[in-house]
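Two complexes, one shared chain (subunit A), two partners (subunit B, subunit C).
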Partner chain A sequence: MNVRSQVSMVFHLDKCIGCHTCSVACKNIWTDRKGAEYMWFNNVETKPGTGYPTKWEDQEKYKGGWESNGNGKLDIKSTSRTKIIPNIFHNPHMPSMDDYYEPWTYDYQNLFNAPEGSDQPTAEPISMIDGEKIDVQSGPNWDDDLGGSPIYAENDPNLEGLTEEQKLQLSSVERLVFFYLPRICNHCLNPCCVASCPSGALYKRGEDGIVLIDQKKCRAWRSCVAACPYKKTYFNWFTGKSEKCLLCFPRLETGQAPACFHSCVGRIRYLGVLLYDADRIEEIAKLPDDELVEGHRSMILDPFDPEVIANAKKSGISDGVIESAQRSPVYQFVVKWKIALPPHIEYRTLPMLFYVPPMSPVQASKPEDTIHHISEDLFHDIDASRVPMKFLANLFGAGHEGVVRYALRKQKAVRWHRRAETVGDVDRATADRMLHEANCTREEAEEIYKLTSLCTFEDRFVIPPMHREQAIEMMKEPHEHRTDAGFGFVGGPQRGL
Partner chain B sequence: MQKVHDPVVLSTSRSSATCYLVTSDRLHTVRLVAVAVVVFWCLAAATTLLAQDTPDYFRQNCMNCHTIGGGRLTGPDLKDVTQRKDREWLANFMANPKAVIDSGDPYAQKIFEESRNVPMPTLPGLTKERLENLLDLIEAESKLEESQFKGLQISNKPFTDADRALGRAIFLGHAKLEAGGTSCISCHSMYDTPALGGGRLGPDLTGIYERLKGRKALSAWLMAPGTETMLPIFKNHPMTADEINALAAYFEASAGEKPAEPAASRVALLLMGLAGAAGLVFGFDAIWKRRFHSVRRTLVDATPVRGH
Partner chain C sequence: MNQHFLDQFLFVALPYVCLFTFFLMTVYRYRMQSFSYSSLSSQFLENKHHFWAVVPFHYGILVVTAGHFIAFLIPRTILAWNSHPLRLYVLEVSALAFGFLTLVGLIGVVVRRFSNTKIRNVTTPTDWILFVMLLLQTISGISVALFHPWGSSWFASNLSPYLWSIFKLNPDITFIAAMPHLVKFHIVLAFLTIGFFPFTRLVHVLVIPNPYLWRKPQVVRWYGRRGS
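This part shows the complex of A and B:
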C-alpha cells in the first residue's frame, strides 16, 4: 500500500444556480492577461449543451484521454512516441480559436470620442486578439439558458443512447430542462496531460496532488491541450506556454479556499483531503467501463483505518494532513454516502473532482391546456425525471445507470425524510421505507442534510496544513528559497527556451 | 625569455658555486654563454624545421602551375627566375600577385598574358620568412642538374581505350580514387554525363584538354589542383599517376564535343516545381480528408436554422 494524499473536490449540482460567480472570480485572479483572454480555468456549462470548447466531450474528434490498446496496456489517444514524429510541427485534434471563442471587449472609448451626429454612439465589440471589430458568433457559454439550443443543446455528446422521444422532450415546452455543470481541472490521479508532455513540464505535486505546468520547462508542444479529455489545459499564444487551473495553490498554502470555491454563491463546492492507494492507479485505470466508478472509489482509503494511518506516516504524510482527511467532506460524499460521482471516468484519467448529480422535476404532458405531471410527486420520481437517467449516466457513470440511480435515490430519500420531519405531508413510515430502499439510515440522512443545507465555511472547506516548508526542503535549501520567493517580479513566463 | 632560461642559469650557477669560488664577473660570463647556447639551439631548431617545411610547401602550393627546369605549365618555368628578376620584385609579386598585375607592371602583365590570363593566386600562410626560404630553395634547385621539382614525367605513350574507360569510370565515381579523393562528378559534368548531370559547383569539363593546352599542363593540374575548392580536398588525397593518365585520356577524348545541356531549362524546372508543390498540396488534402476540422463551425453549418 502506497498511501498518498490528494486535495479533492465535490461539486453539488443540485445546488448550482449557474451564476458564473466562480468563473468571474477565477478570471479576475488568473486569466485576465494578454494571451490568456480566452482561457477559463473555471467555466460553467449549461447541460444539455456542447460546452467549452465546443463538444469537448466528443473524443472521436478531440482524441483526449486514454484508451485500452487490447494487450492490457493504456495508451494516450492523441499521441505516442511514433505519432509525435509525423506530427512534430503540428499537433492535430486541438480545438481552434473558434472552438473556444474569440475573446472580445467593447469599444467604450467611442462612447466618449464619437463625433457629434444624429444618433447615439455605440460601443461595438472588438476582438481582444487583433483589436479589429468582430461579429461575435460564439462565447464560452453561448448555449447558456437555451441560447442557441437547436444547435448546441441538441448536439450534446451525452445524448447518445437516448431514444428519439427523450431527445425531443428535452426541447419541448413543459418537458424541457437544463442544469449547470461548473468545471475546473480535475487534478486527476492518472493525468493524461502529464503523461503526454514531451518536455516533462507537467507534474503532479507530491504533497497534495495538484497538477501543474512548469512555465520554465514548457516548450509549447501543446500535447497536454490535445491529451486532456476535459480540455482544461490552455495554450497562451502570447507567452508561448500552456497554462491550467492551479487549484489556487497559493491560497491553499495560506489556508484559504480556492477563489472559485470561496466565491460560490450556491455553496455547492466542497474541498478536502482524500487518502488513496497509488499502487492501484494502473490496475483501476484498466478496468472495464462498468467497474470504473466502483473501482475508483475503492482506491480511496479509510482515514480512520490504523493500517492506512501507519502506511500514510510511512509515506511521509503528516499528522495534520491525516487529521484533515478524517474531517474531509469529500470523503463523506464520495465514499461513505456514495452520492458524488466522477465525470466521464471512461476517459480513464481518474478525476479527483466529483459531482453530486442534480435532481430535476418530473416530466409533464399538456393534452388539453392543462398540465398533467406524469408522476404525482413533482420532484421525486427519479425515473420520470426530466433529465433522462441515461443522460446523467453518460456524464457520471461511464454510460451505466446503476451508480447514478443510487445517488439520486438517496438524495430523494433524504428529501422525503426531511419532509416527514419538518413539513409533515409525508408520513414517517413511507419516509423510512424510502430510506431503506435507498440504503440509507435516518442518521445518515441527517448528516447528508446537514452537510448539504446547513454547512458552514469550515464544514465545506477542510484545507490541510500544506507544510510547504517541508516540501521545499526536499528540493532546495529553505534559506535559498526565501530569497527568490514572495512579492515582486521573479520572472514571468517568457517565449523561448 | 628570462623565465624560460632561468632553470638553466640556476643550475649552472649552483654547480659553479659548489665546485669552486667564483667572482661575480665569471658568474656573469657563464650566464651569458648559457643564454647564448640556448638561444642558438632554439634558432637552429626553428631553421631546420622551416628548411624541411619549404620543399613540402613548394610541392603543395606551387607545383600545379610551375616546374623548375621542366618547362612551363600554367605558370612559367622557375629555373633561374632569380636571375630574370631581382629578389625584391619577386618577393613583392609573390606576396600579392594580383595587386602587382593590376598595378600595370609590364613584366607582370607579360607573364599574366602568357598564363592565359590566369592570375597567380595569393598563397596561403606565406610569411616573409617563408618567402625568403622559397626563393632560396628555387635558387638552389636551379643550380642542380635535375631538380626534384622538374615536374611529373608525363609518359608519351598514346592513350588506349582502356585508359579512356577507366577515366570515365573515375569521373563518374564508379571507380574509386585510390587515396580517397572525391569523384569529379560531385562538382563537374561532361558532355556524356548521364541523366541527372553532374554537380554545378565546378565548370563543365568538356574540352578542358584544349583549354589547358594539352596533356602536360592538364596532368600537372590534376597532380596538385590549385583552386580554392579543389585544393583542400586533394591536398591530403592526391591522385596517382595512373589515375591522372586515365582522366587525361578521358578528357582528351571529349575534344570537339559540346558541353552537356541541362536536362531542363530553368523556367521549365521552376514550373515543374510549382506543379509538383500544387500536386502535393491537393494530394495531402485528399489523403487527410478526414483530418480534424473546426468543430463549432462545422456544427453550426450542419444545423438547419428553424423557427423563423
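This part shows the complex of A and C:
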C-alpha cells in the first residue's frame, strides 16, 4: 500500500444555479492576460449542450484520454510515445482556436473619435488577437440555458444511446430540461496531460496531487492540449506555453479555498483530502467500463483505518493531513454515501473531481392528471425524470446506469425523509421504506441533509495544512534567499523572440 | 592582399565570433530566461495550412543539416561511399530532394505567416530576419548543389578539414580560399545564422524532448525528494 493524499472536490449539481460567478472569479485572477483571454480554467456548461471547446466530449474528434492498445496496456489516444516523434511538428489532434472561440473586445475609441455624422457611432467588435473587426459567431457559453438548441443541445455527445423518442422529448418545448455542469481541471490520478508531455513539464505534486505545468520547461509541443480528454489544458498563443487550472494553490497554501470555490453562490462546491493507494492506479485504470466507477472508489482509503494511518505515516503524510482527511466532506459524498460520481471515467484518467448528479423534474406526460408519487415502486419517477437516466449515465457512469440510479434514489429518499420530518404530508413509514430501499439510514439521511443544505464554509472546505516550510527546506542555503521577494521568475515571464 | 584579409576576416574571425556568441548566449539564455525557450507554435491559431508548411520544412531541414554534420564528422566514410558513382548519384539526388523540400516548406511557412493576420501578429521582427536568412541559405545551398555538383565529396575532402581546423583552434583557410563565391556565401551565412541562433526562436532545436522515450509516464514532484 502506497498511500498518497489528494486534494479532491465535489460539485453538487443539484445546487448549481448556473450563475458563472466561479468562472468570473477565476478569470479575474488567472486568465485576464494577453494570450489567455480565451482560456476558462473554470467554465459552466449547460447540459445538454456541446460545451467548451465545442463537443469536447466527442473523443472521435479530439482523441483525448487513454485507450487500451490490445495487449493489456494503456496508450494515450492522441500521441502515444511512438506517435509523438513523427508528429511533433504538427499535432494531428490539436484543437485550434476555432474549436474554442476567438476572443474579442469592442472598438470603444470609435465612440469618441468617429467623425461627425448623422448616425450615432458604434463600438464594433474587434478581435483581441489581431485587432481586426470580427463577426462574432460563438463564445465560451453560447449555448447557455439551451440557447441555440438545434446547433448545440441536440449535438451533445452524451445523447448517444438514447431513443429517438427521448431525444425528441428533450427538445420539445413543454418538456425542456437542462442542468449546469461547472468544470475545472479534475487533477486526475492518471493524468493524460502529464503522461503525454514530451518535455516532462507537467507534473503532479506529490503532497496534494495538484497537477501543474512547469512554465520554464514547457516548449509548446502541445501534446497535453490534445491528450486531456476534458480539454482543460490550454495553449497560450502569445507566450507559447500551455496553461491550466492550478486549483489556486497559492490560496490553498495560505488556508484559503480556491477562488471558484470561495465565490460559489449556490455553495455547490466541496473540497477536502482523500487518501488513496497509488500502487493501484494502473490496475484500476485498466478495468472494464462497467467496473470503473466502483474500482475508482475502491482506491480511496478509509482515513480511520489504523493500517491506512500507519501506511500514510510511513509515506510521509503528516498528522495534520490525515486528520484533515478524516474530516473531508469529499470522503463522505464519494465513499461513504456513494452519491458523488466522477465525470466520464471511461477516459481512464481517474478524475478527482466528483459530481452529485442533479435531480430533475419528472416527466409531465399525463395529459390531465397531476403526477402522483405514491406507487408500489417509490422511485418510478427517477427513471421517468425529464433528464433521461441514460444521459446522466453517459456523463457520470461510463454509460452504466446503476451507479447514477443509486445516487439519485438516495437523494430522493433524503428529500422524503426530510419532508416527513418537517412538512409532515409524507407518512413516516413510507419515508423509512424509501430510505431502506435507497440503502440509507435515518442518521445518514440527516448527515446528507446537513452537508447539503446547512453546510458552513468550514464544512465545505476542509483545507489540509500544505507544509510549505518543507518546500523551502529544499533550498540548501536559506539565508541566501532571506532578502528575496519570494520564489518565481527572475525578470518575469518574457516571451521568446 | 585585400582578398587575403577579407578571407581571414570571413573565415577565421567571423566564425569564432559567431561560435563564441552561440555558446555563450544559448547557455546564458537557458539559465536566465528558460521561460523564453519555446517552439512558439502557431498551430493553435491556424490549423489548416500548418501541416503542409511546417512538416516539409522541418523534415527537409533536419535531414539536410544532419547530412552536413555527418560529412563534417566522418568525411572518410562519405568519401568511401562516394567512390562508387551510383552511390554518389543516390546521395546527391536525395540531398537535393530534401533541399527542395526545405525550400518549399520554408516558402509555405513564410507565406502562411504573412497572409494570416493572426499569425502575423505573433511574428516578431527577429522572425522575419531569420526567415530572410534561412531563405537565402536554402536557396544558396540548392544553387551550390546544382552549379557545383558532387558537394558531398568536396565537402568531405575540403570543407571538413577546414571546419575541424576551426575547432582545433588552428584555423587553416587554404581550402576555402579557392572556393567559388557561392560556396563562400553559403559558409559565411551559415556562421552568421549560428551567431544569430541564440537570439531567435531557433533555440527550440536544443530542447528536443529526448528523455520522454524512457521516462515513466507519470511525473510526480515532491517537496524534498527527487524522482517519481
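Odds and ends about this structure:
The rule is short, and it goes like this: the second predicted complex is superposed on the first by the 456 of 497 C-alpha atoms of A that agree within 3 Å, B and C clash if a C-alpha of one lies under 4 Å from a C-alpha of the other, contacts with A are read in each partner's own complex, and residues count from 1 in each chain.
We take it that a residue touches a chain if its C-beta (ideal position, glycine included) is under 8 Å from a C-beta of that chain, and two chains touch if they have at least 3 such contacts.
A quick note: this is a predicted structure, and the numbers were derived from the prediction, not measured.
In the superposed model, A:Leu202 lies in contact with subunit C only, and not with subunit B. Once the two complexes are overlaid on the shared chain, A:Ser96 sits against subunit B and subunit C alike.
Contacts of A:Arg219 after superposition: subunit C is touched, whereas subunit B is not reached.
Judged by the touch definition given at the top, the superposed model places A:Leu159 against neither subunit B nor subunit C. By the touch criterion defined above, A:Thr54 reaches subunit B but does not reach subunit C. Which of subunit B and subunit C touches more residues of subunit A: that partner is C. By the touch criterion stated above, A:Ala123 is placed in contact with neither subunit B nor subunit C.
Once chain A of one complex is fitted onto chain A of the other, the partner contacts of A:Ile134 are absent, as it touches neither subunit B nor subunit C. Overlap of the subunit B and subunit C interfaces on subunit A: residues 94-96, 98. Residues 81, 84-85, 88-91, 94-98, 127, 129-132, 190-191, 194-195, 197-200, 202-207, 215-222, 225, 235, 237-241, 281, 467, 470-471, 473-474, 489-491, 493-497 of subunit A touch subunit C in their complex.
On the subunit A side of its complex with subunit B, the touching residues are 50, 53-55, 58, 61-62, 92-96, 98-99, 137-138, 150-152, 154-155.
The touching residues of subunit B, when paired with subunit A in their complex, are 291-292, 294-297, 299-300, 303, 305-307. Interface residues of subunit C, counted against subunit A in their complex, comprise 32-47, 50-51, 54-55, 58-59, 117-118, 120-122, 124, 126-127, 199-201, 203-204, 207, 209, 211-213, 215, 217-224.
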